[in-house]
Amino acid sequence: MFSSKTNQFDLVIHNGYVVTASDILPPSVYIGLKDGVIDQISARPLTGKRVIDAEGGYVMPGGVDSHVHLSQKNTPAGDTIESGTRSATPGGTTTVIPFAVQASKDDFDVVSVVEDYHKVADGQAYCDYGFHLIVSNPNEEMLSEQLPQLVEKEGITSVKVYTTYPRYKLSDEQLLDILLSNRKMGVTTMIHAENSDIIDFIGKKLEEKKMIDPYYHSVSRPLVAEDEATYRVISLSKMIDVPILIVHMSSETALSTVREAQTSLVPIFAETCPQYLFLTADYLKHDCHHHVHKNDSFQGAKYICSPPLRQTVKELEGVWKAIQNGTVTVFSSDHAPTVYDHPLGKKAGLVNGVPHYKKVPNGLPGIETRMPLLFCKGVESGRITPQKFVELCCSNPAKMYGLGDRKGSISVGMDADLVIWYPKGKLQPFSLDNSMLHHGIDYSPFEGMEFSNWPRYTILRGNVVWDRDNGGLIASKGVGKYLKRGKSSLGGPIKELDEILA
Amino acid sequence: MFSSKTNQFDLVIHNGYVVTASDILPPSVYIGLKDGVIDQISARPLTGKRVIDAEGGYVMPGGVDSHVHLSQKNTPAGDTIESGTRSATPGGTTTVIPFAVQASKDDFDVVSVVEDYHKVADGQAYCDYGFHLIVSNPNEEMLSEQLPQLVEKEGITSVKVYTTYPRYKLSDEQLLDILLSNRKMGVTTMIHAENSDIIDFIGKKLEEKKMIDPYYHSVSRPLVAEDEATYRVISLSKMIDVPILIVHMSSETALSTVREAQTSLVPIFAETCPQYLFLTADYLKHDCHHHVHKNDSFQGAKYICSPPLRQTVKELEGVWKAIQNGTVTVFSSDHAPTVYDHPLGKKAGLVNGVPHYKKVPNGLPGIETRMPLLFCKGVESGRITPQKFVELCCSNPAKMYGLGDRKGSISVGMDADLVIWYPKGKLQPFSLDNSMLHHGIDYSPFEGMEFSNWPRYTILRGNVVWDRDNGGLIASKGVGKYLKRGKSSLGGPIKELDEILA
Amino acid sequence: MFSSKTNQFDLVIHNGYVVTASDILPPSVYIGLKDGVIDQISARPLTGKRVIDAEGGYVMPGGVDSHVHLSQKNTPAGDTIESGTRSATPGGTTTVIPFAVQASKDDFDVVSVVEDYHKVADGQAYCDYGFHLIVSNPNEEMLSEQLPQLVEKEGITSVKVYTTYPRYKLSDEQLLDILLSNRKMGVTTMIHAENSDIIDFIGKKLEEKKMIDPYYHSVSRPLVAEDEATYRVISLSKMIDVPILIVHMSSETALSTVREAQTSLVPIFAETCPQYLFLTADYLKHDCHHHVHKNDSFQGAKYICSPPLRQTVKELEGVWKAIQNGTVTVFSSDHAPTVYDHPLGKKAGLVNGVPHYKKVPNGLPGIETRMPLLFCKGVESGRITPQKFVELCCSNPAKMYGLGDRKGSISVGMDADLVIWYPKGKLQPFSLDNSMLHHGIDYSPFEGMEFSNWPRYTILRGNVVWDRDNGGLIASKGVGKYLKRGKSSLGGPIKELDEILA
Amino acid sequence: MFSSKTNQFDLVIHNGYVVTASDILPPSVYIGLKDGVIDQISARPLTGKRVIDAEGGYVMPGGVDSHVHLSQKNTPAGDTIESGTRSATPGGTTTVIPFAVQASKDDFDVVSVVEDYHKVADGQAYCDYGFHLIVSNPNEEMLSEQLPQLVEKEGITSVKVYTTYPRYKLSDEQLLDILLSNRKMGVTTMIHAENSDIIDFIGKKLEEKKMIDPYYHSVSRPLVAEDEATYRVISLSKMIDVPILIVHMSSETALSTVREAQTSLVPIFAETCPQYLFLTADYLKHDCHHHVHKNDSFQGAKYICSPPLRQTVKELEGVWKAIQNGTVTVFSSDHAPTVYDHPLGKKAGLVNGVPHYKKVPNGLPGIETRMPLLFCKGVESGRITPQKFVELCCSNPAKMYGLGDRKGSISVGMDADLVIWYPKGKLQPFSLDNSMLHHGIDYSPFEGMEFSNWPRYTILRGNVVWDRDNGGLIASKGVGKYLKRGKSSLGGPIKELDEILA
């Protein structure tokens, strides 16, 4: 279409079904990428320095994984920004948002906390990234001076808070303080909602009865802990009339509570993760029938995460239903792994050969498997449409966290982040082995599952960074850039702030 | 029917509609009382030393007011056992259950707490009474040694706990501890459910804005505080599978949450009180249009109670609905008054002439008006049946607190506690004036309301103690006896206790 | 207590736990019966011509089975008034309410319909009885002239209508006509609620596919047919603001819809029956594993009733839940049997040896087993209290149908109808065999079930009519009397009738 | 961008916010139209024969009004294809789907019905159009032979059925027949859900009481009629597991029932219309305070439509809520007008000067006002996002009815149907007058309402057909083309068809 070489696109994609959160364009469409952005979409052929024929596969926006834990100081055997983002693009993810952590209540200066994380991340990333801030001490100074500065200068427009874990747990009054402050600043609040006291109470009983092997982790954090905390944080959000996103939801009842709030226009958003769709607590058992534990009865520890894997397939179905009926807003990995065979990793839970679930670091790896799992078992199985997949994995996380103008959609002017899947039937189904993955972790909880598709190409700002059949991961460290984010374009309070709170 | 004088009954009642929680017997029935109990009910005439002709009025069981605060040390200007019970029988109540209070977290010995309350009460009561125990520090020793002793020796089979008030507030973990302990002992748990942090949060905002006159009390404890805490304590009860009674419920949403739990067979019981059926927060305003404040703009303080009076008639209707559809189990007064014009009473909230709602003691008087209000505006208005009235005011509170074998019903063998109402049309409707009441308080929140009926006679263990038209209160101090109570006959866990909690 | 022989009671019962819908009196109480009524209840001994020592068993009101089909012309091989009531008192039931049936749309004169049923019943009954009227043609004349006459002269204060069966089915408009008329007359409406079109639609499909053996009866009337019709008739009731009782409910969803209506104070009452608590559709299969079909693959036909037995134990649990949480008002048998081995009985469904479910007469026997089943598997198992049992089996059906002043409670002045159960452990558990029953039917669907208790004595208006250990059924035909009934004392519209409907 | 004149676009749009159902592109984007389709979207300038500068206004897809009644034989004083479509593009609508009507049960041949409608429509339309088929007699032949032919040859992939109106009303069994047939063919079913019997019943009462002026139309079709029928048709849909769209929903309760079905993944879609968001039944009153009735007390007849306008603003808010929370799928006009001052129009309801609501033709005009109303009072007021507006007015109706590949989105390759709004503040707010509209009707129910925006340009397949400031409606009759439609891309059964129904 261009008259001269200089007008050529850097890269042209054609012959694929182009999917956005609302539409599917037919393979006759051409996408022209230039200078890192989606420059043109055209009904007529475009020419480019390089042309990729999608051969009838889906062409989707690059994934946004808005909940990952990388290079956190409190996870010495976890993934770093480098190793974690290395596994992003091979799984179709082009943007991640890890956390900068106010790791202790005495960490008063969150501006320098963020600075530290910048230092750690600089030049390390294989995909684009931003930072959320985990707040464990929302004091007056932080809320009124430091946070506004981070919003303004760093584009950190989201914070995560917890109702559990001694180190992070906020009281309801602290939650109200930060929710009100966030409403005023337009900052999005992510909440980990589990009732801490319930967990402590059961924990003591289990301890007394010496029920402490990895499986009891799942018993110690029952559904009711999530259900209660979910109702509670929704109550708080409703009081302030401020949007919140409840992370990693795993309970059908809690998701119903979210649904009821959404029905009443309370601005509640929900996130879930692959582990709550695909894995039950059986995996935590030392004699799990799902797979041979290779003579290692401690391997259940690999499946310890919080909220825990739930007991029944019926519960997994409840989470699926919440995806299908629209309750769930965002599908993330909650990638929060530690190496299994490492004294500070999962094996920390083995003290003199005796397993204790409380000593096992929580969390699973999952950046790389997130999108392939939902694609194969959601889209290809017919449970969800390709558009819904894009909405959950790409568009909504981008919009939720102030990246809706750049990421998460195949729209002209946006960053040229794309993932191209194999056309149906092209790829021989295979069973996942950890050696296929690019993270720094020695296992995947999804090993042994069968995959019928996988990202064939991943393109980051116009560059092919993953070409599965020709070179695999072909980007180098440092290609990923830091993202200053704007304000969320999902939700947002409409009513005027109550006079008393103003 | 009796052959000789010696066989005569002490008292015979006839010609009234005899009401139990399930039936209404016709006026042709005779009730023969002897030695303090209901000795015979007969279809044929009985003879007695004294005979009362009910003239076609309702004959009902004496009322059981299972939530009253008397002689509490922390309420120096409140009602005593003497002055409080004095106002019981004129209002149709023959049994009250006030609280023995573990008044501070350092009050370690609850056995001696109860002893002290016994000393205060001995010989003072005008009606029968028991004690609940308010627990503010459920430590191991108390739960495992003192409480069992109180159950065994004193028949104290119910405890009250709070989710609010600095002095009483228990954490969720403490609530779980006491719920589990109570389940094992068969003790009933009453819970005051309001989210403390929400109240503190709003309180600070109001303070900052100098919104502190009495009306702001109602703003400071919003519906959401009750709704949240209700969901939470139901979650905890469900975990332990133990019955709880949520006291003084005032929110339609919270009552719906109870209803849903009841539907699912979670053993939740609800209590409400007259103030939540008849009064809105308008009464708290200094320029309340309901009544002339007699040149005293501080009189809104008279209406300060917790949970507070709610804002709208629609909310009152929600509570009525919960009475009518069966959600509410018990109707009590929550009589917790203080004298208005007293430096330690309501006037404590006027500091140098400046009103501050936080300094006003919480609570209203209501023992004497409880039953007349519900009778006139519930039964006579056609909202509820006479049987439902008896269930709510008499039978259920007796059963709930282990008195179902003695109190709360007109059944042979039970204590001869009766109340006889005027036949319809016999009593000239009148407007209530505090001078008509027998408590020690200088006002009633229900003054000015019109009553179309009132207890005509009240009989306590066979003795007429209140004869409205002939002498009024004719019993003397000390006639009331202490009641050692058995275990609740309502609810009770059915499922076996989970192995982990056993 | 009586001074002379002439003052002696006809019969005295003592030493049993006396149960009403609200209370349990201790064994120390004496009940004195005289002239057919409960004459006295006394805390002190009474003397009588005969004295029964209940030995610590429960003493309960005689049962009221308010839904039975006897001597209906359309059931030539069914039970008659004689054979049906013969099996009432051995099962603890002292009152039944069968139907007088407007059997065809051309049956214009319902007054003479009732006369005919009187003729058939006169002198035949072993227990007291009334009549409901089944209305299949609610024309103007019937509603305005005949029905008022039946209410007035015959005490027929309840009608049953259907949303299904070609012969009986009324349109929604006809239902509205009769509901409005019933509201104005204070007549109670019973509704059989299944969507007729759904059943016809599936019936055709099954016919086409030759899926016609007895099991397909249960497929042909799916839950959705009951769920839909339940919502519909509740809508109609709500419009007119008139109480209805939905008969023989078998669906958890439909019962939830009733619960929601009750929550909103729509006056809906629900009935269920033993078959929906104890039997699944497995029994309809020719190769049912529950029992040997004795070389007769057609025996599934014995279990054909409408609504049908449901498919899963989970569904039965849903009905139990509705009993336990208070949704269900009345527990009846829907005794509507036919002889199995009779050309006009169940065997009518075998045409030339080929089974066809549509040709099998619907209905099961159950008068005699109704109360023992719920007593053993409800009360003794701990699912419900003895009071709840009395409410469901005795008090509520009596109140619902205008007999609350005479039947269904142990109250002075009421008919002396009582049932005395064996004290716990006294009776050796046994397996039911049809030979133990007194109906005219050659099988029971509950054969083979184990019973741990059974009515030991049944007393009808002061006479022992069933003494299991001494003579069994000792009453003779004709002892039962016709009951002119008053108006329902449950529910009843409160709001004024809308001007448009007045 | 093109090198030569021949490569120029026919029309280029730039400098507007380009909105799809999921995204908003910034004004820097250029849209190039060529040969009637959206040929390119580009981040860099495009050149065209004509260029429109949107000046910062919204650029949206042309509207799809999927529920309009035009040239129906039974509406002699209604709009024709010509006059109705004439008012489409000035209101932003570029596609309409009127109905071909099987107008009587004796109309056996629906193929020739459609032929007739083609003849009437040919060369008359100002915008593109398809046909739904209204089915009043779903006999076997029609379902098995004619409908498949219409799907195949005519692209008629949707039918509308009714539960009300004597002429159209189908029984539940007929509904099941057509639902099953539609499932097998992939045809979408639209259902008008009001309970016919309820309406007839009230109608008779109103007639008896001479309550017949226009206002009583709204009384005669109460909410419960819609609520009941909604639950019923959802039950039928669930049975067959086939998607349905319930048209013109007006009841909060019915919409909640839809929401619950959607939550459970029953494939139910909902439509609502402007009249249910903006007008209450007050407008039907002869003394309506909303506007001077100009000495004509019959003007309430202008507001007669079915379902009727509802009584309260609260009810309107309920419909708004269903739009905001996602329950509503499609926003259509249900344009079904008749001339007011015409003997076969609304005035047919005046018989000898006496008004009778039953004789007034039902229906309102609304094609032209549909999108401006929702834009001004939904988008500009902040109730909904621009994306939600596009979803409801454009994308969803297109997808629902098999036009998702051509209409309803701004995507490359799709028809170049666009509407450009005024930039905020550019247009002086004005009050609507019927003279501004282009239909053939002598009034609009929305006259007098204030509008702050309006379509500035409407483009149909690349041609500017409406230029509000320069010539207004500049297209000529016949420019609109008939649309053969594909199958719906919303919903669709996932589960395999039950063996019995297969």
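All chains are identified by letter, namely A, B, C and D, in their written order; residue positions are counted from 1 within each chain.
The rule is simple: a contact is a pair of C-beta atoms (placed from the backbone, for glycine too) under 8 Å apart; a residue touches a chain by one contact, two chains touch by 3 or more.
Chains and their UniProt names: A, B, C, D = dihydropyrimidinase.
Values in this document were obtained by computation on a predicted structure and should not be read as measured data.
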item: Taking each chain's C-alpha mean as its centre, the one farthest from chain A; value: C
item: CA centroid of chain A to CA centroid of chain D, Å; value: 40
item: Averaged-CA centre spacing for the pair chain C and chain A, given as whole angstrom; value: 58
item: Multi-chain contact sites of chain A, meaning residues that touch two or more partners; value: none
item: Chains that touch, pairwise; value: A-B, A-D, B-C, C-D
item: Chain A-facing residues of chain B, complex; value: 171-173, 175-177, 195-198, 200-202, 205-206, 209, 211, 219, 222, 224, 227-228, 231-232, 235-236, 238-239, 500-501
item: Of chain C, residues touching chain B in the complex; value: 1-4, 7, 20-23, 25-26, 28-29, 34, 37-44, 256, 259, 262-265, 321, 324-327, 382-383, 391, 395, 404-405, 409, 411-413, 494
